[in-house]
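Sending over a structure as structure tokens; questions will come in a sec.
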Amino acid sequence: MNPAFSLFGIPYLSLLVFFPSVGALGVLAVPKARERMARTVAFVVAALEFLLSIPLFTRFQPVAGMQIEERTPWLTGIGSSYHLGVDGLSMLLVLLTTLLTALSVLSSFSAVTERPRAYYSLLLALETAMIGTFVALDLVVFYIFWEAMLVPMYFLIGVWGGERRIHAAIKFFLYTMAGSVLMLVAILWTYFLHHSATGVYSFDLLDWYRLPVPLGVQTWLFLAFAVAFAIKVPMFPFHTWLPLAHVEAPTAGSVILAGVLLKMGTYGFLRFAIPLFPNAALLWMPLLLGLAVVGIIYGALVAWVQPDVKKLVAYSSVSHLGFVMLGMLALNAEGLSGSLLQMINHGISTGALFLLVGVLYERRHTRLISDYGGIWKVMPAFAVVFLIIMLSSIALPGTNGFVGEFLILLGAFRAHRVFAVIASLGVILSAVYMLFMFQRVMFGPVTHPENDALPDLRLREWAVFVPLLILVFWLGVYPAPFLARVQPSLAESASLIERRALLCRTAEARAGRPLSSLLPATPAAPDTAATRQP
Amino acid sequence: MRPALPPLQFIMSSTDAMSLLPVWVLTGVALLALTVDLFSRKRGAMWSAWVSLIGLFATGLAIWQVRGLDRTVFAGMVRVDPFSQFFSAVIVGVTIVSVLFSWDYLKRTEILRGEYYALMLFAALGMIFMAQANDLIMVFLGLELMSLALYVLAGFRLGRMESTEAAMKYFLLGAFASGFLLYGIAFLYGATGSTNLERISGYLIESPLAGSPLVLLGIALALVGFAFKIAAVPFHMWTPDAYEGAPTSVTAFMAAGSKAAAFAALVRVSSMVLAHVPITTASVLEVVAILTLVVGNVVAILQSNLKRMLAYSSIAHAGYALVGVIAGGPDGHAAVLFYMATYAAMTLGAFGTLTLLGRGMDERVDVRELGGVGKRHPILAALFTLFMLGLAGIPPTAGFVGKLYLFRAGVETHHVQLVIVALLASVVSVYYYLRPVVVMYMQEPSGSPVEVSRSGAASVALAISASITLVVGVLPGGLADSALRSVLSLLP
Amino acid sequence: MLSYLYLIALLPLAALVLNMMFGARWGHRGVGLVACGAVLGSFVVAAGATLQLAALPEASRSVTQALWTWVSAGNFRADVSLLFDPLSAVMCLVVTFVGFLIHVYSTGYMHDDPGYRRFFIYLNLFTFSMLTLVLADNFLLLFVGWEGVGLCSYLLIGFWYERHSAADAAKKAFIVNRVGDFGFLLGVMLIFVTLGTVNFHEAFALAPQKWAAGGAIATAATLLLFLGATGKSAQIPLYVWLPDAMEGPTPVSALIHAATMVTAGVYMVARCHVMFELAPVSMDVVGFIGGLTAIFAATIGLVQTDIKRVLAYSTVSQLGYMFLACGVGAYTAGIFHLMTHAFFKALLFLGAGSVIHALSGEQDLRHMGGLKRYLPWTYGTMLIACLAIAGVPPFAGFFSKDMILEADFESHWRFLYVVGLVTAGLTAFYMFRLFYLTFYGEERLTHEAKHHLHESPASMTGPLAVLAFFSAVAGFVGMPLVRHGNRFAEWLAPVFADVQGVREQVAHAATAVIPGPIEASALAEEPHASTGLVIALMVLSVGAALIGIGVARLFYVRDTGAPERWGARFQGAYRTFFHKYWVDELYQAIVVRPLERLSQWLWRFFDVGVLDGIVDGTGGLVVLGGTLLRLFQNGYVGTYAFFLVLGVVLVLFGVGAGR
Amino acid sequence: MTPVFFLLFALMAVVGATMVVLQRNPVVSALYLVLVFMSLGGFFVLLAAPFLAAVQVVVYAGAIMVLFLFVIMLLNLQKDVDDGLHHAARRLFGWLLGIVIAAQAALLLRAPWALGPRGKEPPELVHALGNTQVIGLRLFGDYLWPFEVTSLVLLVGVIGAVVLSLRRGAPAGIEDAP
Amino acid sequence: MSWLTQGDVPLEAYLVVSGILFLTGVVGVLVRRNALIIFMCIELMLNAANLAIVAFANKLHQTDGQVFVFFVMAVAAAEVGIGLALIVNVFRARQTVYVDEVNLLKG
């Protein structure tokens, strides 16, 4: 484990987390008379943040466990500390966040003219919350970032969104929050389980990883966590907020939403829900697998018949995230690697798709597929980029999507063969809905005269897409630098889940009776009592 | 032969006197505020305001002076301990902020009179008495002092029917509830032979008759009185009407101050009385808490008058705080303290914002009229949003941390169902808290746009509330520690 | 050259990147030069490598070049690594050589098309993908090429994207291929899960050890792989995309949908022969599907009127032929036919392209005729091609087709031979039908077409000539009966050397499990026909071809009224053939439309109505509850006091109950 | 004699209270309330609290009720109109709740109960010392603080009454009811 | 009921009277619509409490209860001052003291 390092005297992760917020204040400080400057400031901040995050990748040690940890006592009274750290799992997601935020800022240059200062500062504040969510190792800190993230997103959708933006924003907020409040109860519950087992109040995830959770309680705790994360993912049937939010959000909002926010759900499963409550997770595995697979097929089928491009991409997210969940639930190295990689891939490809739709929307102010047609002729470069991104999205070998999807299916095939086979049908269906859409938008003659003179990609738009295209091929052709870095962490995750499942079972067995009395009042199991701290 | 009367003893040492310094100061200030008003017909009222403000700061200093003291004075009537100091500080803070909000609000609504500030200070005094009360008599007297002042304040805007109506409803129901409280105190007195909380608690601990019907009756009726003051369902029904009709600055003061004081008394009583009754009143309180959470939040959804909406929200918040009371113990009570302090800041800020909406006599508190405020008054809108988010319990505001502490205590003491209800209710609350935000930022003004009054004093007050909401949200440690230290003095 | 294997694939890739970046500046000439040059370069490297390979001792004629680790996670590992053995050598040579010729041809054919540069970029991308496919040394890399060629096929079919039919066809091709890929992927996964590797060498070495011969795993894995092959190689049930694919420019049809891409399935089956041999059931399926497809497509081809569609069905049919060979274990024959077919089918398409080009885009046979005079080069080369495909000696098709028929005759499914023979006759018929309708008889040209009528430029006729040459002589590398006449089989022998061992194992397993009258040795033995039999079979097949040609001549040159009469007499059959057995309609009715209706229902009713309805309904319930609760707040002090007292009752009750 | 007086006062109190509730005429109600207050004074005498009895009569019967009557007169109130279904329903529910609470209390109090510990001031002793004196000593002894606070309460009462009645600087009239 | 002759009125008797007064007050608040009467009923409740307290004090041999009642009376007086002023205000504005005719605020 490499020791925590700091830049400019600030602990590195804290710097990463809070730099965008400071930048947001900077954006707000732009005088009103020159509020168009806000975008430049915001981009500089976001770009700097991305550059700042690069050492995270380069200095990352391919070993298991947390790195670059930071820990400061915070809520000493209740045993919560400001504890940050990254491992392979979060490292990539943080990088994805910084990249997508920078690109989102860039993509909004011409799309957002109204109240730009507020817009960009919210975007940057959102970045803080997202990175915070990924690096927090204390449950309270995690929950704070998790919830705080809703606010800027809510405003981004609600203020700069489409026609039904208000409905969408509120639904997004309420639905996600409704899910996560139950998680808070579960967090508190686990916290007291930890206290009764060890005598120590701690919200620290790493402490909790050593806590045997009674089997009877696990189900409830797991479900509470799982619902919160399943809504965020979103897993079928908790996905209905997503199409609405995606459609109504401004382009950058959709990009962040699809690219990063959804990953919080899958990340949460892998970091919290499954390792903390492994036995319950295993117990409920068939259901989760079923939902993941249903999500894959269902999302694809429903995406197919969408008349609205953004909605189509939104439902495709349901399908893709179903793959991510499937791979994760395989709980083997292949599935987990694929799952993580697919999280990144989905961020790239779906993010890029939303950016592309945004490009179109900016020119035509419609998202209906039927309003397009023959776009290839008008905007050939755009069409090619669209094509490549689409291929990445349908997991064509050679693009990033394939590596992830294949590993997921492989992992799932090893662990849950039937589910994997059904899920593989998604491979066909993803081609179906994407190609139908692509054909109707890109091919054919130009049927709407308004489309005749659409300008092709501009230089700034190229600047947005080139990094994504590079990643599409890099991850597709040479994913080794990524995979190698995350392997130890994922292996650790898998083994942690296994170890903890055993730990919980043996603790229960040794106690000689079920430790399932629900609350901390239960006297600790004898073996854990021995480890009680003074 | 006539037996000799016992001699009258001076029962006060200088330390005792010293420990009551804040009360002395505040009383003096209140009287002074009342008096200075008389000297100038024109500017007297503003002199009262200045006197009140400076006096309140002096009171604050006095509280700082007596910090850490823990003693019972006046033959057990008053307990000056960290607990009461905590609440005193909160109440003084609430009053300062309320005075600041009143500063220009009274002018523009043309109800500027010196008695206003005097009454506010008397009400604050009553609240402090409740927090310090170590005897049911003091609880009753403090409560009445506070209530009487508030009845008048609620009806202070004589020119408006709503204000008078609010005052009348508040008064009738308040007096009604006081009747129950008094009757409850009577039973407790009869059952335990004392009105002194320490003696009651001592008796209950020792006596095998702690669960006797008289005690129960007493507790039940006293609870009704407290439940009324904290606006718990179904004793809440005065709240929306009183809050809506009262001058907005008074509403702010009521919502923050009287709730804090009532919780102060409730926590002290519950830790010294309820805790020692062998039967559980928790189930009753739990039902009340659940009702409060549900009704408060659900009905708030339908309100378009912001004052009324916030009134329901204050009902709901009583429900959250009740979770801490029900949980009990140092953790639960500390959570209540913490929550009251943060809730006060947020709700003051929210109502305070409302004092600025509209110009002159024209108050604009309908949520539907807020369209475009976000664009034209970005700072005000941002602050209001902050308060709304805080009340909704969204991190990183103080509201979240407050709820975290409360629910932590709730889960710790096995009240998981209650906590779940509270959390789900908080999800519902998000809807109505976000509604003004939606309108301010996401909708265009319909009809004539809301004009916003300018007020330096109110700006300062908003800044104070906002910074507390945010700073405590990010660094809650200090407040949490002091809350915990404060409740430790409740332990026998 | 063996150490520069990567160049074979890299050159087209480099060319496409160059063309992409600078092609706009270089103009048509430069683009064409770079594109053709790269493929020629690949061919040269491939040829050099083949020569070097030939110089090696037979046992070590398999060279691997590892480039980098591609995917490595857990136990799974797939490298970007190239495998060059006689089989890939053949494939590489065919791809680069035919590819080169078609590139050259395209410089003429596409000369006036505004998408000239795009076309060559696609073609190069295709060549790159195809070479990756044949050079891959593991399943995953093979899949890269596999899907890559599918993509190029998609792009090239939809090259004229403004035409709805082209866009539809492209989409159809990709999706149908995806269905196959679904199977292929599952097959690969099954292979990895059971064998622990996706590397060809390791997998083929492990399969006989780890898989029970004839067992379920072997059968499932190979069937899944074969599902992939049916998609790519347009076999029943996934052949439907290929006829539609004729929407693409004709050189594309020649290169992708005749010579190279569609043969990927055959290549793959041949590559995985060890696995297929382990699963006799799968072998039978391969053979049956091949045979069925062969005769099925041939019947459809009999009556089609679009020149390219006839060729397309012919391709499907010929691919079926190749599987017919593979299905009975005659991989060499399959690959041989693959090679000869690449020549003559490419030639046919290019010739057809030349005709179409000459007629300004006319593709309907009914509007041709008598073109012999105008297009002498085309006529000549087409004749050779037709003779070749009809199996007339000594043209290339004769040898390869004969090799297949012989293998089928000697297999235990002798009726496959009959199928093959009938198909051969049908093939000869419809090919010459096409030939006669095009070049003979009266001119049925439209006025405009006639106006522009001209022989194609040298850039087009040149490749025609070269291909014609190879169509004529390529068969001589696989001469039967002559000692060392079958150089082709000898060349490939090292690749298929392990077949014998596997067959013994299978036979052993079969006898072990079902002790019975099955002659294990008969199954396991390499079929070895007597000279007399070979000659007899040759005569039969040549006879069939000649009958076909004769009937065609009768119908379309001598007695031009005959087709109509016969069509009327066998109206049922005619309509069935003409409407392609209504398979497209069937798929539409039982797969596409129900699925679409299901999706619509899922979206409109289930998603929006039920799922979202529940979510919104929850909110609605809260609001309803609020509305009801609000009624109590009616402004009357009396009501408020009433509820207060009700609260007292509640508290008293609670306290009373609490004790 | 005590029981007789008790019964007398009890009768007066209960009848008076009931009539306060039942009487339509506010003036009559107020007069009945005076009756209750007087009877309460009687109880206080019986309970050895003569000082309180005096205060009761002076403050309640004297001051408070006069104030009430004064207001009734000032407002020129007529008999209340409490007719109609609405009011009948309210009466029904009101009495019903009263009965329910009475029943609950009765049920609760059926269990054994006892008073708290006795103090050191038996009525006889207090009587001997002089009830008023003792009360006075207590007021300025242990209860000095509440006593002072009570003064504040009264002060607020005064201020409040003044504020609400006098309308210095306020616009001439209250908005008329619509 | 022996106390009728014994001469010592037991606590229970006072409590019953007090309870009746209290409940009558409660019922009065519920059934009347005249604000003044309601207010009177509230006074009734306070008096009932006073009675109970004094009775308890008597039986407990304490004077604390009497002192308490003294405070209550003072508070009641202050309350009456404010309450009546409020009711007068309402009347001035609405020409009614009926509480159910004063409901601008509701919902």
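Going in written order, the chains are labelled A, B, C, D and E, and every chain counts its residues from 1.
Criterion: a contact is a pair of C-beta atoms (placed from the backbone, for glycine too) under 8 Å apart; a residue touches a chain by one contact, two chains touch by 3 or more.
All values reported here derive from a predicted model rather than from experimental measurement.
Following the contact convention of this document, C, E is the list of chains adjacent to both chain B and chain D.
Here B-C and C-E were compared by C-beta pairs in contact; the pair with more is B-C. One inter-chain figure worth recording: chain B and chain E are separated by 26 Å, centre to centre, where each centre is the mean of the chain's CA atoms. We define each chain's centre as the mean of its Cα atoms; on that basis chain A and chain D are separated by 67 Å. Between the Cα centres of chain A and chain E there is a gap of 64 Å.
Centroids built from CA atoms put chain B at 42 Å from chain A. Looking at chain C, one finds that residues 619, 630, 633, 635, 637-638, 641-642, 645-646, 648, 652, 655-656, 659 touch two or more other chains. Residue numbers of chain B whose C-beta contacts span two or more other chains: 137, 141, 144, 148, 151-152, 155, 158, 161, 164, 168-169, 172, 176, 180, 189-190, 193-194, 216-217, 240-241, 302, 431. Of all residues in chain E, those that touch two or more other chains are 11, 25-26, 29-30, 33, 35, 38-39, 55-57, 59-60, 62, 64, 71, 75, 78-79, 82, 86-87, 89, 93-94, 99, 102-107.
Pairs of chains in mutual contact: A-B, A-C, B-C, B-D, B-E, C-D, C-E, D-E. Chain B contributes residues 334, 374-375, 378, 389, 394-396, 400-401, 404-405, 407-408, 411-412, 414, 416, 419-420, 423-424, 426-427, 430-431, 434, 438, 441-443, 476-477, 480-481, 484 to its touches with chain A in the complex.
On the chain C side of its complex with chain B, the touching residues are 619, 622-623, 625-627, 629-630, 632-633, 635, 637, 639-641, 643-644, 646-648, 650-652, 654-659. Against chain E, the residues of chain C that register as touching in their complex are 630, 633-638, 641-642, 645. Chain B meets chain E in the complex at residues 137, 140-141, 144, 148, 151-152, 155, 158, 161-162, 164-169, 171-172, 175-176, 178-180, 182-183, 185-187, 189-190, 193-195, 240-241, 244-245, 302-303, 308.
Considering their complex, residues 74-78, 115, 118, 140, 143-145, 147-148, 150-151, 154-155, 158-159, 165-166, 169-170, 173-174, 177-178, 181-182, 184-185, 188-189, 191-192, 518-521 of chain A touch chain B.
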